[in-house]
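Presented sequentially are two complexes of chain A, the first with chain B as partner and the second with chain C.
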Partner chain A sequence: MRTRTEKFHLWEYLVFFAVTAAVFCLCVCVGSVNIPLGEIGAVLKNAFLGQAQTNALASSILIPVRIPRVLCVALTGAALSVAGTAMQGLLKNPLADGSTLGVSSGAALGAVIAIAFGVVFPQIPFGATTVMAILFAFLSLMIILGLAYKLDYSLSTNTIILIGVIYSMFVSSAMNIVITFATDKIQSITFWTMGSLQGTGYTDAALLGVTLLLCGGLIFFHARELNAFAVGEDNARHIGVNVRRTKLVILITVSILIGVCVSIGGTIGFVGLVTPHMVRMLVGPNHKRLLPAAMFGGAVFLMLADLIARTLLNPRELSIGVVTSLVGAVVFVFIFSQSRKR
Partner chain B sequence: MLEVKNLSVRYGDLSILKNVSFSVQEGQWLMIIGPNGAGKSTALNAVTQGVGYTGEILLEGRSMKQIKPAERARMVGVLAQNHFVGYSFTVEEVVRLGRYAYSPGFLSGRRREREDEAAIERAMDLTGMTPLRGKSVLTLSGGELQRVFLAQVFAQEPRLLLLDEPTNHLDLIYQKQVFGLITEWLKTPGRAVVSVVHDLSLAKAFGTHAVLLDEGSCVARGTAKEVLSAANLNKVYRMDVSAWMRQMLSQWEEQADDPAVADGLAAADEFAVFGKEESAL
Partner chain C sequence: MKHKKILAVLLTAAMTLGLLTGCGSSAGSTPDTEGSQTDSQGTDTPSDPGDEDDTAKEEGDGGAITFTDMTGREITLTEPATRIVALTPSDCEILYALGAGDTLVGRGEYCDYPAEVAEVPSVQSGADTNIEQIIALEPQVLLMSTMAQTEEQIEQLENAGVHVVVSDAKDIEGVYTAIEMIGTLMAKEEEAETLIADMESTFAELTEKAAGDGTKTIYFEVSPLEYGLWAAGANTFMDEVATMLGLTNCFADVDGWGEISEEQVLERNPDYIVTITMSYDQELSPEEEIISRAGWENVTAVKNRAILNLVNNELSRPGPRLAEGAQMLYDFIYGEETEAGDSAANGETAE
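This part shows the complex of A and B:
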């Protein structure tokens, strides 16, 4: 009796990809100006073939604005979801996520410091905010986990949540200190704390795509190790997993994923919490299946959240972080009450 | 096979183990005994590099610190005391993890799929887990869960088995099953067992050799018979151990002739045997 196989089959990839593609099309069609699917096809065909656009309005909305935005939303959702899945496996805790642990806030602090004090790394093409966000994400993870292991070696849910809350408060006060030094930049700083993918372009999408490919791929190669950690860290050591190396690889890749996402879209909370949880109910906890499914799931979830943010109060636009946090808070309470029952 | 020399472990200012030495050879079952806080589990953790230590731990003459995790796992398996699995993995998925140490490297080696599958099937048969293979581990009882991890460590095919109070929270029937399975496992040449036990009767019944620890120091080591002497035990446990044991046992003596008890024993024995190929261990 084999109820579940280890691998994610080709047909499953295809189904998940088809759903993601369908949601992508929906999100490109619907907006402040609705554009029918046929029109999109024509615009894309003209753009790829270098012909003159027949529908000036549709092409001026689609090509420079809506398509890159939806692309960035999908990639950010996928990246945050993969990062959340990896952390939940590593820490054996279904509530671990960039936002609950305070890693995203830490990354945002890094980005804000870079803006407020005009930090520049001339040698690095994609800018100081990204590098600072990645560095601060990694630093935050080190601080949070260092504290957690010191206080409670078993890393119980309560400890993780408490430390996440306290660290987030610490970061937000640090953020306020930074803001008092740079009142002239308060507008761009609040953007990081709210989270938005408005106005993102193709370079952002490319950066997200490359990051997801490299870090996501590296995490996927550690699926077996993550399974072992999800069963228990001691058990992982007993069956021969190189515990230190695995931890380091996962923590660094997760930091890069979260750092890049935050530097492009600000802190978008709970994506890495909600989607892995839902996807786990569909495909089970085995990371060989869970990771690819969570990647597609995260893209779909964030695209839908962005769609709601754009259209619910049309013509005004909600911040995408508001939508994800609304959903996320409810799911958080649900998972927490479930994990307490055991 | 395993040699521990002058092992010391400290947590901050606290000295958990002080210059403890012991060794185990093929075919032996070494029992690590002692009162609470004697450092028994810490000694096992040091062997699998779970805690920092000073001194030497040698496996087949090589320092454990030089042996890579996967290579260590192919030689040394561990069965822990409790398990709390966070997610609803199936029984088979958990047992399959036991083959982790045999997976090929990123660029080198070939996966020996048939050997892996055979080891997994054998381990699940032996522990009676085959009918439960598709079940979520979250739905199992404590005794069943312990057998899942026993199957995992059998699938790992180590030569040295480390047990940390493997039946501490379990019903007697599981205690009997687990110790029975490990006794069978040890019959294959080239294998050895080191276990931490609380129950001195178990230590005496199954151990060939023993180490007695007290507050991190080694009080006695040698054959189980020598170490588990009244003089040693009374000193460490600060009470008349054998008098207490006899008093406990005497509660059962008047029932021994009762025919109903004999029937019950036979029934329990039937239940205890899972596979028909126990000798294949």
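This part shows the complex of A and C:
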């Protein structure tokens, strides 16, 4: 390993941002319906200048459908990836992720319950499914942590992962029970198990953006503590990190990130698991560098996965979760075997 | 050590994948009802030795019924069936339409039409078909489709004295065959013939009256945008009925039901939209939800408010109500000619 600097330099930010922006442009230009570049330019120019659109079809595809979707995909990828990085650092476990710990499936269960039993919160601006997804992400985390505390006060990583796996299985059977009670809503429920970002709009993007800014920022301020955790929990305690408080803060922010992502895109696996590993090969294990890089990396990974989902079987669409799992599993095994060889 | 770790990762990856696909297939099987042609040939076993005695008896009392089910298996009943379990909603509907609803002793859990069917004991169907539940009801005949049942399950049922009869309609012609077959096994051939003739005459009448020349396009939405758009493509009942009425299905290049891209709907710009989805939003009906979608305001069907919501599976179920569904679609599209001022009229004024 070469020696690496502590900080994520400005030029590195610019490079990562440029790559992400390039992929964003690619994803806006390529889609199920082929729109020539010139048209896209014209539509964007008219939209920015507030002029009347000359091409009704191109503008009604680009402005309300394709751009918000790509935006949501990018933000979801970034959020899931940051959440995954934080968890892997915190639990010092390469397999930690919202999906492996069961937080994602817990959030999905909340949404499914909201649909199946027609839960409504009239006073809250977001849909009941969103609120229930975030609530259940919290709840899942509390159950996992509560059990872990009960069984093993020091919250050792093995215990958490083990309980996470058991909890995922529990949730998946609970989901099946709910489905049995609400067979007529089975179609809507499919969404929460497969994931889809079709039909997402600017409000979803705004919600994701704000969440990412707040929670991602909070996690970034704990980068030093995460570095200490990555060496070892005892190490963290010895150098003066408030272990329990940091754990709590990180895990709660992570569950907010995951809850919001699930409520908008359903459960999308492997993003939070794979991208931190890929990015770590580029920028090294220091969380001060890893977290921002993972944010961009996750956005790029999910945008490309979504591009495949949107265009591969045109006019059909693939479920984005299927693409991330297929690509992610292969890439993960490859990365893992590579890093073991060294 | 190294290898063990790699193995562990592989196993975890495989398990995670398994979980994902497992969830997907159990839930995903619903939208795919028509597309999936499970190995119908697999059940194509010759009738078991026990049946040969029955065939021999047939000559004696004359009450025996021999017929071929829709997977080509020959089945012999010693007398018309009086105790039936039907797993698919369409078979239940056919039984009721033939006036034989009282012979049902069990029904699949998704059977919901006509309303009386709810009083019949429900058994698990589809992927969770429970053989014990079915045997406990002591039916003579089990009506089911080709989906999800294994050969072992069918053998178990046959061994318990239950005749397994498969109805597996893929098109309207297939529905006639199913009605005829069920009519035969219930000794209600006449009712079956009348029912088929009724359906045929409705379809013939509609085809004749329908003025469409295939230039108007229609989009069948089977899952709303919120959960990923699904459309009914070629080889579906909706497609067949649309063609009958002189319309072109926008997504005829998709086979069966499939998830499609929102952009494609905007580009293909359908003249009519039929949605069979249920409202997932307490405030908006499915029609209103489609109208409210960003970017859809330039779609002809949305501009003209030419959107129909079929809530009771009229066009998605291989049963007698397909004729009703075709009639509803006809009224929606050409309704102006007969009665002015209904919702479909707006769609016509655009012409």
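Just so we're on the same page, the second predicted complex is superposed on the first by the 304 of 342 C-alpha atoms of A that agree within 3 Å, B and C clash if a C-alpha of one lies under 4 Å from a C-alpha of the other, contacts with A are read in each partner's own complex, and residues count from 1 in each chain.
By our rule, a residue touches a chain if its C-beta (ideal position, glycine included) is under 8 Å from a C-beta of that chain, and two chains touch if they have at least 3 such contacts.
These numbers come from a predicted model, not from an experiment.
Partners chain B and chain C, brought together by superposition on chain A, fit side by side with no clash. Of the two partner chains, chain B is the only one touched by A:V231; chain C is not. In the superposition on chain A, contact is made by A:N93 with chain B only, not with chain C. Taking the C-alpha centre of chain A as the apex, the lines running to the C-alpha centres of chain B and chain C meet at 140 degrees, rounded to a multiple of 10. Looking at the shared chain after the overlay, A:V241 reaches chain B, while chain C stays out of its contact range. When the two structures are aligned on the shared chain, A:F332 is found in touch with chain C, with no touch to chain B.
Once the two complexes are laid over each other on the shared chain, residue contacts for A:L57 go to chain C alone; chain B is not touched. In the superposed model, A:E12 makes contact with neither chain B nor chain C.
Of the two partners chain B and chain C, it is C that touches the larger number of chain A residues. Applying the stated contact rule after C-alpha superposition, one finds that A:N176 touches chain C and leaves chain B untouched. When the two complexes are overlaid on their common chain A, residue A:E39 makes contact with neither chain B nor chain C. Think of it this way: put the two complexes on top of each other by chain A, and the tightest Cα contact between chain B and chain C is 14 Å. Interface of chain A with chain B (complex): residues 1-4, 6, 92-94, 221, 224, 227-228, 230-232, 234-235, 237-243, 280, 284-286, 342. Against chain C, in their complex, chain A makes its touches with residues 31-33, 56-57, 60-61, 63-66, 68, 95, 99-100, 115, 118, 120, 168, 172, 175-176, 179, 183-191, 193-194, 196, 198-199, 201, 269-270, 310, 314-319, 321-322, 325, 329, 332-333, 336-337, 340. Those residues of chain C that touch chain A in the complex are listed here as 2, 5-6, 9-10, 12-13, 16-17, 19-20, 23-24, 26-28, 30-31, 109-110, 222-223, 225-229, 251, 253-254, 258-264, 266-267, 269, 277-278, 280, 282, 293-298. Residues 48-50, 68-74, 77-78, 80, 83-90, 92-94, 96-98, 100-101, 103, 106, 133-134, 138, 149, 152-153, 156 of chain B touch chain A in their complex.
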